[in-house]
Amino acid sequence: MINIDSLMRTAPVIPVLVVEDPARARPIAQALVARGYPVLEVTLRTPAALEVIAEMARVEGAIVGAGTVLNERDLDASLAAGGRFVVSPGLTESLARAAIDRRVPFLPGVATAGDIMRGLDLGLDRFKFFPAVAAGGLPALKALSAPFHQCRFCPTGGISEATAPDWLALEAVLCVGGSWVAAGL
Amino acid sequence: MINIDSLMRTAPVIPVLVVEDPARARPIAQALVARGYPVLEVTLRTPAALEVIAEMARVEGAIVGAGTVLNERDLDASLAAGGRFVVSPGLTESLARAAIDRRVPFLPGVATAGDIMRGLDLGLDRFKFFPAVAAGGLPALKALSAPFHQCRFCPTGGISEATAPDWLALEAVLCVGGSWVAAGL
Amino acid sequence: MINIDSLMRTAPVIPVLVVEDPARARPIAQALVARGYPVLEVTLRTPAALEVIAEMARVEGAIVGAGTVLNERDLDASLAAGGRFVVSPGLTESLARAAIDRRVPFLPGVATAGDIMRGLDLGLDRFKFFPAVAAGGLPALKALSAPFHQCRFCPTGGISEATAPDWLALEAVLCVGGSWVAAGL
């Protein structure tokens, strides 16, 4: 199984997808893979999300995971649907322990130094920084990452095509999450 | 006992009160009820706060609760004084478990996705967003509430009569906490 | 052993030091003590940090502690090197319990009301506010400290010689952490 660090280094942008219609899943995934975005995060915010994951997982070259994973139940449903990694908006010990137990690549959201230290205590050092802009933007991630040189981040939330390069220029940032790459698909 | 969701839908503003003099408690509560604010949060920031809760609880039409509840001891003192709900600046597992055990409507403060997920793990989905303006304002609550469609919020901290409508326009917001409605009373 | 409150009242600024060369440690500490900054935080961000702590601890009048302490292992290494207090970017229960167990003055970072309440549950009421500017600046600390009148803070992160007085003017602030006082040493 691919580890979370390799996954974050696969492409500079992870599309964050909210898909309502499962019939659209494979064409969207194919288009994104063709554009150079093989790592796809399908958020569990729609009734069809698990079906969308299952459909996209069949697309050649796509590495499909689940976003908005809030608890162990979401985690197991995502894995059963064929998700290969999971992303959560925040970090709880309950979800982290479940993800570690299933040996699934896990990218939990953090917004504070306490979040990061709780993650490190659990053996995690790859994080989503969420909500990236609303939680203080670039200055906040710079300040937060300074004492945590071993950590790397995927900022997500409010990032656009125009601002992504500024985030990607930080040494602590391996990739960003964004919805703009899927606009119009 | 009224549940926390119904309580949040009772009036668009919950006055957050810091009252020093218990003799002022009943006139203040009567004036607020008359103005259409029956749900009253009395913060435990003054020596007289518990007495103020007891006095206000006798006012017809008032639904009086305690704010700045930090631990189980504060919680029990508030209930003994006649408080019918409790509000805290942040969410800890210890206080949440005590509130759930007493079956008292509980509105814990959250500021991050981790806070919200810890609340959901405990069965809570109604939260105070605190400090609302300083924690990032409207953009922060919009970004934070997006992955948590089942949650509803009472933003508190830095909200004024002028800005309250912007907060109340969000689907995720049921009411706001504010001190301006009690100014001059 | 000096307690954390006394330590925070010793000088208005705690220099936050990132020292690469142990040979520079004693001259830097001597210069800072001479300028009126006896409390020195040496961050564990360099390979030489523990050696730097040991060197600085020998300087007359210096009270040397470790910063960027992330876990029990860091804590014990800092104490073994002669550190007399420890500072962390965030608050975890695991580190707090270890610091309390060793009876070492401990200044954990907080950024939210939940962080502060978890600290209070552990018996802590002196905190670093980190990252001070990126976490919302002065308005955030004012809003956060309002419900916690018993707490006192050392804001750190993004504070300069020009802005320090504004922070120190707050009743809740006993001192600030800063790197500017060591610039050029």
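Labels for the chains are A, B and C, by order of writing; each one numbers its residues from 1.
Note that in this section a residue touches a chain if its C-beta (ideal position, glycine included) is under 8 Å from a C-beta of that chain, and two chains touch if they have at least 3 such contacts.
No experiment lies behind these values; they were computed from the predicted model shown.
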### Query
To lay subunit A over its twin subunit C by CA atoms, how big a turn is needed, in degrees to the nearest 5?
120
### Message
Could you classify the subunit A-subunit B contact as same or different, where same means more than half of all interface residue numbers appear on both copies?
### Response
different
### Task
Express in whole angstrom the distance between the two chain centres, defined as the mean CA positions of subunit A and subunit B.
33
### Query
What are the residue numbers in subunit A that touch two or more other chains?
112, 115, 136
### Message
Can you tell me which positions in subunit A touch subunit B when the two form their complex?
### Response
43, 45, 67-68, 70-71, 88-92, 94-95, 109-112, 115, 130-131, 133-136, 157-158
### Task
State the interface residues of subunit A toward subunit C in the complex, per the touch definition above.
112-118, 120-121, 136, 139-140, 142-144, 146-149
